[in-house]
Amino acid sequence: MYDAFGIINPSSRQIWVEGLEDYRSIGAFSFLGRYRIIDFPISNMSNSGIDRIQVYIRRKPRSLTDHLGTGRHYNINSKRGRLQVLFSDHHQEHDIYNTDISSYADNLESIELMHHPYVVIAPSYMVCRIDYAQLIQTHIDSGADITLAYHTVDNAKEAFLSCNTLELNRQKGVLGIEPNHGNAKVRNIFMDTYVMKKEYFIDLVKKAQSLSSMYTLSDIVNLACREADVRGFAHHGFFASITDFKSYYDANLELIDFKSAMNLFDDEWPFYTKTNDSCPTKYYETAAVTSSVISNGCLIEGSIENSVIGRGCVIKKGAVVKNSIILSGTIIGEDVHVENQIVDKMAKLIRVKEIIADPENPGYIRRGDTI
Amino acid sequence: MKQNNMLAMILAGGRGSRLHDLTNKVAKPAVSYGGKYRIIDFPLSNCANSGIDVVGVLTQYESVLLNSYVAAGRRWGLDAKDSGVFVLPPREKADANLNVYRGTADAISQNIDFIDEYSPEYVLVLSGDHIYKMNYANMLKEHKACNADASIAVIEVPLKEASRFGIMNADENGRIYEFEEKPEHPKSRLASMGIYIFNWKMLRKMLVADIKNPESHHDFGKDIIPAMLNDQKNLHAYNFKGYWKDVGTIDSLWEANMDLLDANNELDLNDSTWKIYTEDVTTLPQYIGADASIRNSFITQGCLIEGEVQKSVLFTGTTVNVGAKVIDSVLMPGVVVEEGAVVQRALVADGVRIGKNAVVGSADSENIELVAKRVKGED
Amino acid sequence: MKQNNMLAMILAGGRGSRLHDLTNKVAKPAVSYGGKYRIIDFPLSNCANSGIDVVGVLTQYESVLLNSYVAAGRRWGLDAKDSGVFVLPPREKADANLNVYRGTADAISQNIDFIDEYSPEYVLVLSGDHIYKMNYANMLKEHKACNADASIAVIEVPLKEASRFGIMNADENGRIYEFEEKPEHPKSRLASMGIYIFNWKMLRKMLVADIKNPESHHDFGKDIIPAMLNDQKNLHAYNFKGYWKDVGTIDSLWEANMDLLDANNELDLNDSTWKIYTEDVTTLPQYIGADASIRNSFITQGCLIEGEVQKSVLFTGTTVNVGAKVIDSVLMPGVVVEEGAVVQRALVADGVRIGKNAVVGSADSENIELVAKRVKGED
Amino acid sequence: MYDAFGIINPSSRQIWVEGLEDYRSIGAFSFLGRYRIIDFPISNMSNSGIDRIQVYIRRKPRSLTDHLGTGRHYNINSKRGRLQVLFSDHHQEHDIYNTDISSYADNLESIELMHHPYVVIAPSYMVCRIDYAQLIQTHIDSGADITLAYHTVDNAKEAFLSCNTLELNRQKGVLGIEPNHGNAKVRNIFMDTYVMKKEYFIDLVKKAQSLSSMYTLSDIVNLACREADVRGFAHHGFFASITDFKSYYDANLELIDFKSAMNLFDDEWPFYTKTNDSCPTKYYETAAVTSSVISNGCLIEGSIENSVIGRGCVIKKGAVVKNSIILSGTIIGEDVHVENQIVDKMAKLIRVKEIIADPENPGYIRRGDTI
């Protein structure tokens, strides 16, 4: 399957996850304890036989470049294949020119060098299992100019509010891309995933640039819907869009349920990640853990319920962790009660004994904070 | 090689027949241990962490799994430019027939050409089936400082157990003047760990002589070390302190796993400055169900625990269903304990399924029960 | 494996005795070719470029160099997560003695357990000593499209040479109805390249039956393929067009190297979309001296050329000193041609030194001269 | 040798190589055809047993991150060792806060996590063979607070003009670091190479920051000379500092001479680089090459004299290349005469038939230019 190369797109300026995103891009967020969010699109590509992948980085590159390495852990052949990290020349945080289109334009030479006829563009901030080979085949068979993946949801009033939606006709033709205004339950959420010919993509990038320096890829594809044959491709199964704080929290908690998780995971479709060579987790005599996802390298003496615990956390005697997402290397001290929280990496929750937020508005503890 | 000029050879040919059904399909060094490891991960990780780049693994018996396991040197980072793990089974030569390795020394002798390719100054000879953490760079430093011809790592054992080991008698400077294999009346408590550093040029000569000696067993302990002592070579005893275990039997393998539950265990697998590396198996995260109860246990990723687990070590991808109990047991990778089943004081081999409501092992058995075949449960 | 469900097995056990001294120390697939490559780089790079992740290499004779060479799967990028090159020599089993491979099919039979570990749908069987570029993914695509049980790659050879090959007689759809090993009166020009794709389940059954057959030579060409034809299996001939060479003799190895100087050579090693990967040897850049003269030659990094080179292929790290002449020759890695020496129509083996003013080979010799030992020069 | 970790420092704002540096940092410059300049300090570290190396990147990261990968090609163990790329938060080209000190300050956590007592800091823009193990041992044995490597030259009036010099007393104590004013022939050129305790280094970074946001490491070490025990360590052998256009040109041409090259290369001290899997170079019937260094993958029909030819170049019939450095992928067309030039990557010199500069002021052809 050497017909397409892949592009992993960073989140745009319009998307922001409070707290966590101060320290890294969304793709580098920890997910379900042992993954990073970007593991999902890259594994999907690798499993689909795509072994030339460009990852665009807009800001805070360290965490992501560290994690990606050369891509060997994604089962990408290190000679024939390539996981290439590309940077924008506009890397200032609040530069209005810092769009996905400008990243592509800055790296047009690298895109032109690819000798694959098709390109698959997928976001670094969505979690799902999708066979891009099938998406490409559908695209080729249909003869469309562009194919966009979407996921139909029935909770678009309260969720996916930072996402775009696709308006489709009966033949799955895309009439337009527009923001989810939260005014209807059922919506086709746009998965920010595109397939098209490489040359078509390059033309779109150039056209977008000539029209407006602030145009994004979805803006120009929306415009293209007027003349071009743009089609939708329906995705089924688990789908989460990590585009704000609540969606990150909810997606993690939803997957704590083993049955829900089976909508995402599949033995024949491995999700790869980078190993940290941690040892197994040790449960002490006083441990009490239920309904949770636990990573390796933890030392657990306390109680954990309905939570995700990252790698190498220490949960001391008498501590209670409930409905929370604890990122790696965190210490929850003796008798500390943590509920409805996202606790960022290497925090130490040791002095204050009750850290409880409202379940609808989960709290956030900063990276490395001692509380 | 550039840094320390030392190449490592791991003897991994042991059949491990006292491990019974566990070694039917895999050689002993490939037996699983500690939730996610295989025994040979320990010497290999020690090599990687000690800055050794090139490791030869001498395999013999039924080694397809061991061979393909160690061949992936990336697991221990031993896959850089001039680095590698090389599987060295006995092989057919232009001038000789295909032969098995006749002894530990013969295994090295048959691979002189391999070692010569790298022309190292020192050769480190290790056993593939011991569990311990050791910095071989420190041993080499002492070896050089003593100007030794060979260094042998030794560990203090209780005097009453000493007669089970090869005992080194050394002077106050650590110079060995006598070696006794399993002495009835041991004179010291310094047991050989089967870890040697040799000056390669010297060892090469001794091996070439040993090949031709029809009386020799071609064994380091029985032939080479005594011959060196005879030749007045400078043999140095390198004192090792710490956890060291040879897991030769089902009981000792079970025990070594249980050691990990001991809060005072010296083998700290959580130490980030000396990690033990192993295969990076693609699994789910560790899922704990709503009715689970886990105490005093060591559990790794890919496990799904819905029942009760106590004082046990659970390996990658094991499942304990609702209502099942696992007590004082070791579940090897992929074991499934179905609803209501009870597993106690048992070591369950890879992939074995314990059926619904089945009972395996018992709290008061003298020996640990090895469960190597599917146990049928109720329908 | 995920992408195509096909595992490759490379038969690399050939002694290559017609290559004389070149194969004294290395197996034929490890013989150097084309300035910086070894022959086995071709099938291995083809596998990597065709998206195959797991490759077994079946070695046999004197294979320490071959083993350690192919074990470093990084050379072909075959060292990603679920990827690897696995060296599979004959081995001792619990229920059998250590055995050599008795034939090409037996080599696969003895490794059924290895293949089963990956449970592939298809197995690609290759030879380790042919030079060619082929996309096995295309062959698999055709294999699937034809619903074949097995596919065999064939190449058109001149009719008069056809009786040296295994000839496939196929109908207009490519379905093979007859196979003739070295026929006196060949009915077609389609010669088998020794490249097979089998449906693994089907092949596995045939191999298990073949092991028990005391009459069998345990060979694909002699036994398995005829048996499949006998069973009315759907055997498909996959037509290959392009460069393909079996370098069995010194003359043909020399010739294959000289092919690289031909401007119309089909084997374009400069094609960046289908690179041949090989060992990344640490060398100096290629240094050309003040008095050098180089024409019509193929020269790689690490060479130091101070003399005259014409119509020759120079391998990694060769030296041609001032006043020396190398004409119509192949210099294997590390060869040194000292001042004033002349080398003509010769193939100089690895590391050989041609002394000062020595003369080797001649312009009008019928055969190419193999120089495998140091040639003394004037003092 | 796990006593020290390494830091590879980018060039400071004061240093600029005209032309080439527009496209990549100096560390990523091609050198002698097959190397990048950064290969030398990293190989030196790897050969010295240093396997934890931080590479700081100030600008234009793509070329360097592509080349470095995970460092396996430098023979660095991929588990125990680590080649880590670190970015500054001040990555704007002309940001005055973009100093080495600010890079360290932005990544202080990563530095503090290193469990090695010593740090070796080496520049990404100098070429030499140096055993850091010996440097560290000398430092430890001497009991100095800081040890600085220097190279004594006798052409400091006309060369090394962008470098600093060390003023030494008779005991090799460093009295100060000052710019090379070009007013003396013999100077101790500072190799921008430091050894000190990790803690001492962290203190210096903090102190520099408190004193001035524009202080560099050499500024603060210069200050430290007043109170601390700072010593010099003399280096011998080949040494080149690539700190301006002419020094880049000269260093390449100097190493064309095999005997000079032997002052840099040593069988026991490999300089590693990333292979490109190019095939050998093909010389045609009309080729005429003398006194040159040729990379793999070239097709040579023309004449080359006293030049360095990069990977995959095409030198057509009748072309003449003399006293020039040709970077990879360049085409020199039929009968084109190129002399005293640096030709950047993938240029096509096909139409203009004479491109000849003055030997004292070599010319520069931009990346990808068609002339």
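A, B, C and D label the chains in the order they appear, each numbered from 1.
We take it that a contact is a pair of C-beta atoms (placed from the backbone, for glycine too) under 8 Å apart; a residue touches a chain by one contact, two chains touch by 3 or more.
Every value quoted in this text rests on a predicted model; they were computed, and no experiment measured them.
Taking the CA centroid of chain B as reference, the farthest chain centroid is that of D.
Interface comparison, B-D versus C-D: the higher number of contacting C-beta pairs is recorded for C-D. Mean C-alpha positions place chain B and chain D at a centre distance of 44 Å. Separation between the centroids of chain A and chain D, computed from CA atoms only, is 38 Å.
Centre-to-centre separation between chain C and chain D, using Cα means, comes to 41 Å.
In chain D, the residues that touch at least two other chains are 72-73, 79, 270, 272, 277. Of all residues in chain C, those touching 2 or more other chains are 74, 79, 81-82, 275, 277, 280, 282, listed in ascending order. By the touch criterion given at the top, residues 32-34, 72-73, 258, 261, 265, 270-272, 275, 277-297, 299, 304, 312 of chain A touch chain B in their complex.
Taken in their complex, chain B has these residues touching chain D: 2-4, 45, 48-49, 51, 53, 74-83, 137, 273, 275, 277. Taken together, the chain C residues at the contact with chain B in this complex read 24, 60-65, 67-68, 71-74, 79, 81-82, 84-94, 98, 100, 111, 113-114, 117, 280, 282.
Only residues 1-2, 46-49, 51, 71-81, 115, 268-270, 272 of chain A touch chain C when the two sit together in their complex. Residue ranges on chain B touching chain A, taken from their complex, read 34-36, 74, 260-261, 269-270, 275-278, 280, 282, 284-301, 304, 309, 313-314.
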